[in-house]
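After this come two complexes, each holding chain A, first together with chain B and then together with chain C.
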Partner chain A sequence: MKNIIAVAGVVIKELYRRKDFYVLFIVTILICLVMASVNIFHDDKIVRYLKELCLLLVWISSLVIAVTTTARQIPAERENRTLLPLLAKPLTRTQLVLGKFLGCWVACGLTLLCFYLFFGLLAGTREHMWPVLNYFQAIMLHWFMLGIVVALTLLGSLVFAAPSSNSTICFVIIGGILLVGRHLDHVALTLPEPTRAISQAIYFAIPHLEFFDTRDLIVHNWPLIHWEFWGLAIVYALAYIGAFLTGACLVFRRKAVN
Partner chain B sequence: MKSSRTYLLLVVAFLVLSFGLAADLQPQFRELRWSRADGDVFAVLLGDSRKLFANEFYTKADAYYHSGFYPTIFDNNTAFKTAHMAEDTGAVHSNNHGEEESFMGPPIDWLEKFGRNFFPDRHTHLDEGGPADDLSGSDNVREILPWLKLSTDLDPQNVQNYTVTAYWLRQRMHKTDEAYQVLLEGLHANPGSCDILFELGRLYAESYHDTNRAENVWAAAARNWKPIKGDDDTAAANNFIYEKIATQLGEAERTADHRQSAIDWFEKAQSVSRTPAALQAQIDDLKRKLAGAAESAPPPGLKSQ
Partner chain C sequence: MGTILKTDKLRVEYRSREMRQATKIALAGLDLEVHAGEVFGFLGPNGAGKTTTMNVLLGFVQPTSGVASLFGIDVRQPIARQRIGYLPELTYYYKFLTAEELLRFYAKIFGLTRSETDQRIDQLMKLVELEHARKRPIRSYSKGMQQRVGLAQALINNPDLLVLDEPTSGLDPVGRMKVREIIQRLKDEGKTVFFSSHELGEVETVCDRVAIINQGELKAIGRVNEIKKPHHANLEQAFLEIIGFQNSSTQPAP
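Up next is the complex of A and B:
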């Protein structure tokens, strides 16, 4: 565990040395502040459009940070020829993969904390209400969703040749799941066999990232999600994280280091 | 080697030349029919495709009216063909049918059933309190306004943007002056639109309590109305607004005790109505009263004696 935490610490340090997060955070703040300054029929209580825009930017930024940070971790070690010396130390390949995952996931969590703090302040100053529990549920679901994304990208970085191709493929998969994942079962019903069976198999196999997208509930001030379902969603995310990490460890074990 | 002063002078000369050319050509370009330099940013950036975006934002406003509980392209949207935020103004013909509560149908597997816990799953309207079911929060309907404004900017010819915006501004937010301004803007972009004139008449009658002006505006709306030939829904929507205008005028005339004129307006409304029976009852009632008044009045000859 000590080794895993040490590797994770290096990844977190790398994130705050890079400019990606700062740029995305400042762009999000600027866009939201400009939109907040728009006068709509002299009514300063109108806020939901602003919440939606802010959450959209938070989601895009967090996905960009998660995928791009994770995709370059192991390829960069190989390219810089630091992978072999790293593994020469008392560090197993599994520990390296787990350390990289933990570092990227915690780094994503820290960025989420900053983004949601800004979102909470923006919404709170307009709405004069602080639904802390709703925000807690949303941020945790978002963070666990990013856990799945990080684990998937880590697996991709061991399968695909370059970080760019891995990032592109991951973005396409994530975008596809978020946009149509929820409806795939209904679409499958309209298809002839064997496409129907294949679509249904895909529907049950993919990680349903849209479960973790509770933006509509936050934007429109819906009540809390039942805690039992919220907990089940976290377990669902952990299962996929476990599956992708196991896959990554297996692939990395058989992979040539240089 | 040339001195840097020469280069500086050259730069200044080119700048003066470009400024002069711009000042000379710009007015000429502005007058050209195909010019895009009319100051409309959306028109320059998007061209005619901005109407597509405008429709999207109009739908987005209706999704906000339902606090996010809204059908996607994969769902059955027959109960959402006409935006509910427009339907609830009472000035728009509804093409909706089917069950608005259950457009998603029952979940077909456990995964879908589980997933429904993470997005809005209940039909509510913002003007009725939204998800909190709190009627005191009915002014939350303000949240639809940014999208309607954006839709109006993108497609100034869509009259429903103006009428819906104005209705909610005055009904729930009590911003009558802003509603009035929106309708004037709408009339500027769509001169003589009977939908906008009808809403303007309602504003005069219900918010300013100026019935004379309201009647004049409705009369102008009735004059501007023309029957159209198109598909059933378009013709029905066009007839519906005339029915509303004529009915309002009929009621105004009845209040003023001008029974014959009221009957005329109700008959005009009846000629385009899909539910003529309700209007017929009002016409019969007025005719009865008119006949009763004629019987009780003394003959003109007797009166003169």
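Up next is the complex of A and C:
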């Protein structure tokens, strides 16, 4: 475990020493502040739209950080040949993959915490409400959803050599799942066989990232999600994270390092 | 003397992805033995199989057949790498880290305690003369300084065997001399050093024994004097004759 934590520590250091995170964070903050300072339609309930737009920005920014950070991890190690002195130490390839995953996931979690802290302060000062538990549920679900994204991207980075092609493919897959994933089974019913069977198989095989989209919970101040369902969603995420990481470890075991 | 490094009929073949290209034999049944406490030079022209041998020893490449072991442990087991230090030919490290952070990271992988790590980093920074720059990011280092950080990381676990892949390649004369001094100091401490180099003068100075390979086959092995003796020449001439190099300038004109 110490090896996995050591590798994760370097990944986290890399993220906060690069400019990507700061640029995205500052841009998100500026857009949110500008939106919070104007009341375009003189509507008392404008804060809901503000929250919705800010959360959308937080979602997009966190996905961009998760995919771009993860996609470059192992390809950059290979390209810069930092993989050679690393694997010449008593570190297994599985430990390296798990360390990279943990580092990217924790780094995404810290980023998410910064985003939600800022968002919570902004929304709380406008609404004078502090639904801490709602925020906890939303952040945790969001973080576990990012865990699936990080594991998927890590697997992609071992299959596709170039980080740019991997990032593009991952963005298309994740965007596709978030936008059309939930409608796939309805669409399947309108299709002839065997397309119907294929569509249904895809529907059941893909990780349904939209399960973790709890923006409405915060935007409309809805009551808390039942903790059992919340726990099930976490288990669902862990199952996909496990599957993708197993795939990544198996692919990396046979991969040439130089 | 105990055997530290051993290869037995080591064979590595690379299969081409294109159907028409033949299989490339990188190593063709290599037998090597390196004993404790010796500095062993591993020589050969470019493409001879030196780096492939090192890659097998470090577990980067799986041999097609044959066995390689370090300290009697099969190289495929990560524990075989617990007592070795490795410096690759081209040293690239995490440039966003400082030298101290890099060494601390590698020390964690070797399971060194905090106090051991602090003590070891102080010793190594002094050894490679980078005390003044230990808190600076590696991206600000010159090539020579990066090579010295590489040596420091290879020594972080106080290894019994040091594997160096062309450690002086691309260094200026001062850098080369410093690396040579460090190898000599390690030899005096009783460490085993296995290194490849194209600088034959350097090999002659520091090595106890050498092996010469060409096209994946072992052509000669023994003490430097034993290699030179039958050829009545210096190591460079002997090396060229062993690998079968014909110098066109010495041939009579047709």
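General observations
The definition used in the following text is that the second predicted complex is superposed on the first by the 252 of 258 C-alpha atoms of A that agree within 3 Å, B and C clash if a C-alpha of one lies under 4 Å from a C-alpha of the other, contacts with A are read in each partner's own complex, and residues count from 1 in each chain.
Here is the rule we go by: contacts are C-beta pairs under 8 Å (C-beta built on N, C-alpha and C of every residue); 3 or more make two chains touch, one makes a residue touch a chain.
Here the structure is a predicted model, which is why all the values come from computation and not from measurement.
Steric overlap between chain B and chain C is absent once the structures are superposed on chain A; the two fit side by side. Judged by the number of chain A residues each one touches, B leads among chain B and chain C. Of the two partner chains placed by the overlay, only chain C lies in contact with A:Arg18; chain B stays clear of it. Shared-chain residue A:Leu232: touches chain B; no touch with chain C. When both complexes are overlaid on chain A, the residue A:Leu217 reaches chain B alone and has no touch with chain C. Contact with chain C, but none with chain B, is seen for A:Asn3 once the two complexes are overlaid on the shared chain. When the shared chain is aligned, no partner comes close enough to touch A:Leu250: not chain B, not chain C. Residue contacts after overlaying the shared chain place A:Ile202 against neither chain B nor chain C.
Of the two partner chains placed around the shared chain by superposition, chain C is the only one that A:Arg81 touches, whereas chain B remains out of contact.
Least inter-chain distance for chain B and chain C in the combined superposition, rounded to the nearest angstrom, is 39, based on C-alpha atoms. Under the contact criterion defined above, no residue of chain A touches both chain B in one complex and chain C in the other.
Note for the complex: chain B touches chain A at residues 64, 67-68, 72, 74, 108-109, 111-112, 114-115, 117-120, 130-132, 142-143, 145-147, 149, 169, 173, 175, 178. Contacts from chain C toward chain A in the complex involve residues 55, 58-61, 78-79, 81-82, 84, 86-88, 90-94, 96-97, 101, 105-106, 108-111, 150, 153-154, 157, 163.
Chain A makes touch with chain B in their complex at residues 38, 40-43, 45-49, 141, 180, 182-183, 185-187, 189, 203-204, 208, 210-214, 216-217, 219-223, 225-226, 229, 232-233. Of all residues in chain A, those touching chain C in their complex are 2-3, 5-6, 9-10, 13-14, 17-18, 80-82, 84-92, 256-258.
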